[in-house]
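Two complexes follow with chain A in common, the first pairing it with chain B and the second with chain C.
On to the complex of A and B.
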């Protein structure tokens, strides 16, 4: 197989390729609303997947996610895309069961490249304990790959992106910076170590993080992807009427991310995310570079949990013991909930006690 | 004044071009960068600021922005000093070489030096139960994939040669390591001895001279 630079096919890579939240909400607002007494989670709250009750004990989670290449290596791209797609099931508290491939691939490129992409995806599906059973593929000039995933969850234990309460601590299970580091890689300005760390983070399943969290009370959960930490916090804040304080000084970032952000290696999605949250955002006196880092679109990012303060410490320890292979950080806390003025306040430090 | 035309270029090309122009300027002076979107305008501004230059940006039309970068005498001097003191450091502020910065690892003072080398002499780890030894070796190689600081090479010899051939349970981990730039080598004499040369599934075949050379040049050798 000849060496190929997959990212050269794509204008925007990974979750940075997402259509902006402003545009999306405008378009989705015009669609008819569906209702069904067994539909537990629909798209009104911009959650990660649909959840449908089948019996009192079983609900099905249905989700799909695909994107253009974020990395050059086909096998790694397959892993990243599958990890990202599976993550939506974990973000709802579920266990992935069945996955189908979604494939767009150019006719004139070595089919072995596609084989490698699919092998990467299949390996991740297997690691997740789910089964991969075919899919659908079409010809397209820009390669795209992802999965549609069905998972199962107990209807009473579905994680939603709303429901956080005053006093909750926000915990994130992966370090931030993949959008910026991937941009630096494209510019050929990233160090090998930074590139390696980004790949490791993007290919880490959120499985262990979810399994660990299930031993604790979780008031709200989402996975941090294309809208960046700020965008996803703003969804939680809007959906729960919450005022959230974020302590940028305590958040783990990938190696090199801050330096690359200062050099202007920032994907356009980060600015779109900033525009989307600007009405909710109180940036305080925080340096601009942190606003860029916090709004950086993540590809296959970590899970963000809102947990009661008296369980936070123990959950952090348990996540540490679970050996996720990624860095866990306290992102901030929920100051108020159930208000009609949701807000996100950026601070240097936030005391969680 | 240098003009950089980055109209129609998508992120991060305008930043790359600006960095190159700053390198070409290599002293005090002015650069104007033309871009057609706000992201590029903001990113070029940040790039120039981080190099110590003064920056002013203006919007000329609906899809036209001009970023004016002024490198003062002091800023140029500071950049030069920083660059000299860093010597060959990758990603230098005025990097003339925007291609592959930081891609070359290795030690400038000792070009033949290697970092860490892992030498695997058996398909089992430790003495005692063979069954346990197999399990330990498999999890050892997996654990290597999780290291922040990966070894440069892994050499397999004697019983270790069984780990790089078809049917080895560690192939996936070794593939992962190879993708991340770790060189995998197996002793050819050993493959011949066990009659498994045809089955080699990863990395390359090596000989005793090269094994000796590799072990001699390694800063540290890990023997599981």
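On to the complex of A and C.
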């Protein structure tokens, strides 16, 4: 197979390639509103996927996600893109069932490279227990890959990105920093250990995290991807009318992420995310580097759960036992809910008791 | 003054070119970038390496002077 560096094709890689939240909300605001009595989750709340009730017992989850290369190795890129696409189904509390490939690939590049991308994706779909049944491919100068995934969930057990309540503890199931570490890798300034950790995190399915969480009360859930932890917290805060306190000192970051952020190896998306949340954000006295880390766009990030305080400790233990292969952290708590002035307050430490 | 033209490039290229320029030892260094976030990244890189950085707006972006 031809040896190529896949990331050289793309200006932005992975979820850092996402169109900014400001631009998106402007454009989407002009679209007609659709309604259907069986549509449980539409796009008004910026959730991770659409959910449609089929019977009183079954709802279908439909999602679509694809992006440009975030790593150089084709097989790994396929794994990352598929893990990321499948994650939207887990973020809604569902189980992936059917996946279709979405492929853009240059005509003049060795087709075996594409074969490896698709093999990486197929392996992740298999690991998720779903079936891959075809897809659609077009020629394009910049390679892109992802999946459209259909999943199933009980209509009463759909995880939404709103509904968190005062006192809830926020738990995140993967360490943060993939956007920054990937930027450092692109700059050839990252350590091998940092690169390995980022790949391990980006290719870890959110399946076990979701299955573990289902044994507990979950008031709100989303997966942390292109808008960074702050962007996704702002979606939860706005949709729930909540004041969220984030304790940066207790959050797990990838090896090297803080060092690379201090060196200015920060993707443009992180600054875009900061601008998007600035009206809600009370940065307190937190060091600037933590604001950069918390707004770093994540590729295939973890699930963020809002759970009642009296269940948080047991859920953390259960996630530990589930052996996710990633680091679980308490990122903060919901201080108020039902307010007209949602906010995100950054602190060094947040007591969850 | 050494000048680095990183206009039109995307992250992390402006930081990589800044690194090369600082390694050459010739000071001060003036880095031209197109976007505000690239200016911030170049400033961060300079300060992280014990240098002073100050920026001015230009017709098509920003000039970061590192000394």
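One rule holds for everything that comes next: the second predicted complex is superposed on the first by the 353 of 353 C-alpha atoms of A that agree within 3 Å, B and C clash if a C-alpha of one lies under 4 Å from a C-alpha of the other, contacts with A are read in each partner's own complex, and residues count from 1 in each chain.
Following the convention adopted for this analysis, a contact is a pair of C-beta atoms (placed from the backbone, for glycine too) under 8 Å apart; a residue touches a chain by one contact, two chains touch by 3 or more.
It should be emphasised that the depicted structure is a prediction, and the values quoted were computed from it without experimental measurement.
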item	value
Superposed partners chain B and chain C on chain A - clash or fit	clash
Chain B versus chain C as contact partner of A:263, first or second or both or neither	both
Touched partner set for A:311, first chain B, second chain C, both or neither	neither
Comparison of chain B and chain C by chain A residues contacted	B
First (chain B), second (chain C), both or neither touched by A:140	neither
Which of chain B and chain C A:76 touches, first, second, both or neither	first
Which of chain B and chain C A:250 touches, first, second, both or neither	neither
First, second, both or neither for A:95, with chain B first and chain C second	neither
Touching partner for A:191 - first (chain B), second (chain C), both, neither	first
Chain A positions touched by chain B in one structure and by chain C in the second	11, 183-184, 186-189, 261-268, 271
List of chain B residues in touch with chain A within their complex	10-13, 15-16, 18-19, 37-39, 42-48, 50, 90-91, 98-103, 105, 146, 148-150, 172, 175, 179-181
In the complex, chain A residues that touch chain B	11, 73, 75-76, 123, 183-184, 186-193, 196-197, 199-200, 261-268, 271, 325
Residues of chain C defined as touching chain A within the complex	10-12, 15-16, 19, 35-38, 40-45, 48
Touching residues (chain side chain A, partner chain C) in the complex	11-12, 183-184, 186-189, 261-268, 270-272
